[in-house]
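Sharing a structure here in structure tokens format.
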Amino acid sequence: MNSFWALVRRDLRLAVREGGAIGTALGFFLIVVSLMPLGLGPDLNLLARIAAGILWIALLLAALLSLNRIFEADYEDGTLDVLATGHLPLELVATAKSLAHWLTTGIPLALLAPVLGILLNLDLASYPILVGTTFVGTPAVSFLGAIGAALTVKARRGGLLLALVVLPLYVPTLIFGISAVSAAAGPAGMGAAFLILAAISLAAVVLGPIAAAAALRIQLQ
Amino acid sequence: MNSFWALVRRDLRLAVREGGAIGTALGFFLIVVSLMPLGLGPDLNLLARIAAGILWIALLLAALLSLNRIFEADYEDGTLDVLATGHLPLELVATAKSLAHWLTTGIPLALLAPVLGILLNLDLASYPILVGTTFVGTPAVSFLGAIGAALTVKARRGGLLLALVVLPLYVPTLIFGISAVSAAAGPAGMGAAFLILAAISLAAVVLGPIAAAAALRIQLQ
Amino acid sequence: MDLGPHAAFIWISYAAVAVVVTGLIGWLLLDGRKQAAALEALEKRGIRRRSSASAE
Amino acid sequence: MQLIAEDLIVERGGRLVIDGLSFAVSAGEAMVLAGANGAGKTTLLRTLAGYIRPSAGSVRCEGGDVELTVAEQAHVIGHANAVKSSLTVFENAAFWSEFLGSANETGGHIESALRNFGLDDLAEFPAAYLSAGQRRRLGLARLLLAKRPLWLLDEPTVSLDVASTERLVSAVNEHTRAGGLAIVATHLPLALERARTLELVSLRMAA
Amino acid sequence: MQLIAEDLIVERGGRLVIDGLSFAVSAGEAMVLAGANGAGKTTLLRTLAGYIRPSAGSVRCEGGDVELTVAEQAHVIGHANAVKSSLTVFENAAFWSEFLGSANETGGHIESALRNFGLDDLAEFPAAYLSAGQRRRLGLARLLLAKRPLWLLDEPTVSLDVASTERLVSAVNEHTRAGGLAIVATHLPLALERARTLELVSLRMAA
Amino acid sequence: MQTLTQQLANPTRFMDLSARVLPWVAGIAAALIVYGLYLSFFDSPADYQQGETVRIMYIHVPCAWLSMMVYGLIAVSSFGLLVFRHPLADVSAKAAAPIGAAFTFLALLTGSLWGKPMWGTYWVWDARLTSVLILFFLYLGLIALRAAFEDESAGAKLTAVLALVGVTILPIIKFSVNWWNTLHQPSTDFTATVDPSMRWPLLVMALGFTLLFFAMHLKAMRNEVLRRRVKAMRTQAVAGRDRLATQPAE
């Protein structure tokens, strides 16, 4: 476990050092959310209606763009080769790196989402639920994303291909994330959707690293 | 000019060879457009109203994700160093590479946009205008994008940073692209917005490579 | 002083400006002190600037 | 301990690169892999490290820790250096020491590894500032940061100046003297002790 | 033709790397840059090529084509090879020939350049399949694809086997014999003719 | 005989000069702001339309003006760096960016807080608001781009290129947003028609904030010059201490 935390710590440190990755993800999130009204028109009622959807989509895109940092740099500079000779199984290596991604991207995005809700005239009552769903949903984003990142590590043009591979995996998270927010406004409460979202996240945390490790083994050849 | 076309041809060939960049951009476009109804709800009237906006935003995002391919690979494998010793001024190198990007990304996206309009229940009358505006607007996307790509070529975390730098530059294109489509529906016709969009594209084609070349010179140090 | 029904907005605005501006000033002062201290420590170790050093 | 390769057959990109190679390297021995460009040195080293699965044949360790795979007992130095530009030289070394090492390392071994490769004075610099050879030396410092019996080195002397090459050679010699194994692919004649040479030959395509 | 560097002062990362260096290389001459890791060989070559602006001093060509900059008269071989993995070996060479060359090249020079570096058999392979040394040779083939009077080579022999190193040396010798200039940074003793050596020394702080 | 700019561009002279000027600028700024606060709370009437909330104007408008002025300053400094290669020009651009971003943020924040009572919502996608938001993004871009490079001088020049690109695109954005927006907010344009009883406090506050900015900018520039000195000394101190390179192996 020593090695596990050493890896997590190193990734956190790299995220902070290298161009303020965290700030950049937040900036991108902010910009995409504000481009949407430019595209969709400034009608505040309309915006309020689709606010949760816009926030979730923008969050996914921001996370998506940062996914390639999970494995790509490590592959290119030979670090992945060496990580594979450690005593830590590759599954745990993938877990450590996805965890670091969640800490440096998922959590900050989840914290920013409600603030951006203001720009979209989001219903006040939805705020706590929005916070809850983004917190519960973002682990799925990082750990599922790791699969795509591992699959495309060797492909040039990673960015787009990665997006293409990962976005379909994100569909369930997106649907339940949004419906948890909108259900909360309704009479039934958000119970079911929220629980399913949590289940998806849990499954992603367990299965994501296994798939990612398998993909990495193939890439090392 | 020999060298210029040699470079354009090589970039086109690389785009076709490497992971089917064109197909990937189209796939991403398709997925983002189809995620939107998931996020915004399936109300067809609503979708039709904001279809042009969604298409333009998704197009920008798809283009954005492919921007890093303009200069990044060439920087990393040392090609940029050699390109700088050619008889072709760096401004024309940047022009050639932006042009290749437009041909392999801008045009296919512009061609796909009206098809995706069907998914969004876009008004039939808007089709020709949509085609026209996307064709006229996408050069700005590639040539302005080249500035961002050149600025971030050496930066770690290219993808996100690139997006952060470029998206504000895209705002005028986005606004006039959409207003040309929606103005066409109104009585005044799309005249002015369309002309301005064309002017923006022209300016981008001229000024983008100059700024990009300046940035590249700095990166080579 | 009565600021009417929207007093809270006025107070929050002024407070936000006060917080941000004092935050900036505090950061600038602290940073200045830090750099000066670092410079002094280096000079104490006998390290000199190159003569007529540029700002870079 | 002994590293044994038996009847290895390895293909790359549909093409036979290594065809039926067997050898054994015992504790205290070094083996130099020689051969022209494209003969398969890198391929062989990556197969030994377990990255590439041979189409036939096997690689195993005898007499080592039975719970560990070959890879887990090996240091692999490839063409890339596994150095992070935005970490300092010391942070790079400290991470590898913590990740690769067992818990009961004595303190100070990071400094001594860096000193051995002449990097101690550069310790606080971001690795981005290093020249090509300094970077390579930081990659090589990994060898001394954690104790592992098997060293697999792929052209370790690339970019090294004469003094650094000597340091490397003496590090390898010390390692084998202490009972370690080393397999070194190189194009240069190195003054390795207790070494034999395995000459790989390029296979022509079976037309 | 003559390449003249006068009173060059170059800084990297706020730190003086080259302090007041002057030299001239004339047509038909080769100059070997020697010096330990980090002495500034790469920095000097990139300054000569015009990538890095010196803080003071100048680099110029005398007697060459006055309309061209130094960079436009030079072949620069750096640590990276400028090889595209997804193009074939031939396509890589053809692109550089077209991009760097003047229009009136004779046909067949691509084949002969590849043959010179022993790559003719590999011409139709994607460059992704090349080994480290084969890749380096493809990078070096650029030297023969377009005629340029000045060659700036940074550790050109990295990863090359003995035979390829000899090929390279004789290519450089032919180039200087035909009136070209070459500046070669290297850690190995190469059998270059008409060559002198410039030994760079790491600068210590002026305390 | 050196010109004034040459004298200012000499870092040592800048340090001397700024040390003398800074206390005065800061002092006058503080005095003006205190006086302006007094005026805005106790010596100006409530607006007949906007009621007491008009008092937000006295901080909102100076922040909004500064947000634009500071970007102009950054653009001029960037030009100075790229064309004249003055090292101090870069120091100025680097020091101004976070302060400008902070004022832009404050303009957005105080504007939204004013918007709730006036327009019934914190945010509308009005032309002016949108273009200020994009200005804020440009600031973020400048800060993020500079932070992304290990090599400071490359980062500085690249950031300068972006600042100049941004300055050409800003008017287009302002103009295009005007065009696009169909939901104009009335009553945001009354500089000329501001009642004199409000104009005076506004002017005092605006001047005070401007001087405050210059004081902070000077201080930030001084810090940056010191930071560079420290860094230069540190690198010089370890330069050439690569033992293998400078000494024969023992």
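Going by the order they are written in, the chains are A, B, C, D, E and F; count residues from 1 in each one.
Here, a contact is a pair of C-beta atoms (placed from the backbone, for glycine too) under 8 Å apart; a residue touches a chain by one contact, two chains touch by 3 or more.
Quick caveat, the model's predicted, so the values are computed rather than measured.
Listed by label, the chains touching chain B and chain D alike are A, E, F. Contact tally for A-F versus D-F: the pair with more C-beta pairs in contact is A-F. Of all chains, the one whose mean C-alpha position sits at the greatest distance from that of chain B is D. Farthest chain from chain E, judged by C-alpha centroids: C.
In this assembly, the C-alpha centroid of chain B lies 41 Å from the C-alpha centroid of chain C.
Averaging Cα coordinates per chain places chain C and chain E 50 Å apart. Remark: chain B and chain E have CA centroids separated by 37 Å (rounded to whole angstrom). Residue numbers of chain E whose C-beta contacts span two or more other chains: 13-14, 36-38, 79, 86.
Shared interface positions of chain A, defined as residues touching 2 or more other chains, are 18-19, 24, 27, 31, 38, 41, 73, 156. Contact of a single residue of chain F with at least two other chains is seen at positions 134, 137, 140-141, 144, 148-149, 151-153, 180, 228, 232, 236-238, 241-242, 244-245.
Those residues of chain D whose C-beta lies close enough to touch chain A in the complex are 46, 49-53, 68, 71-72, 74-76, 78-84, 86-87, 91, 95-96, 98-100, 102-103, 139, 142. By the touch criterion given at the top, residues 18-19, 21, 24-25, 27-28, 31-32, 35-36, 38-41, 46, 49-50, 53-54, 56-57, 60-62, 65-66, 68-69, 73, 155-157, 159-161, 163-164, 167-168, 170-171, 174-175, 178 of chain B touch chain A in their complex. Looking at the complex, you find that chain D touches chain E at residues 12-13, 15, 35-39, 42, 79, 129-134, 136-137, 155, 158-165, 187-188. Residues of chain A that touch chain D in their complex: 2-3, 6-7, 10, 13-14, 17-18, 73, 76-79, 81-88, 220-221.
In the complex of the two chains, the chain F residues touching chain D come out as 150-151, 238, 241-245, 248-249.
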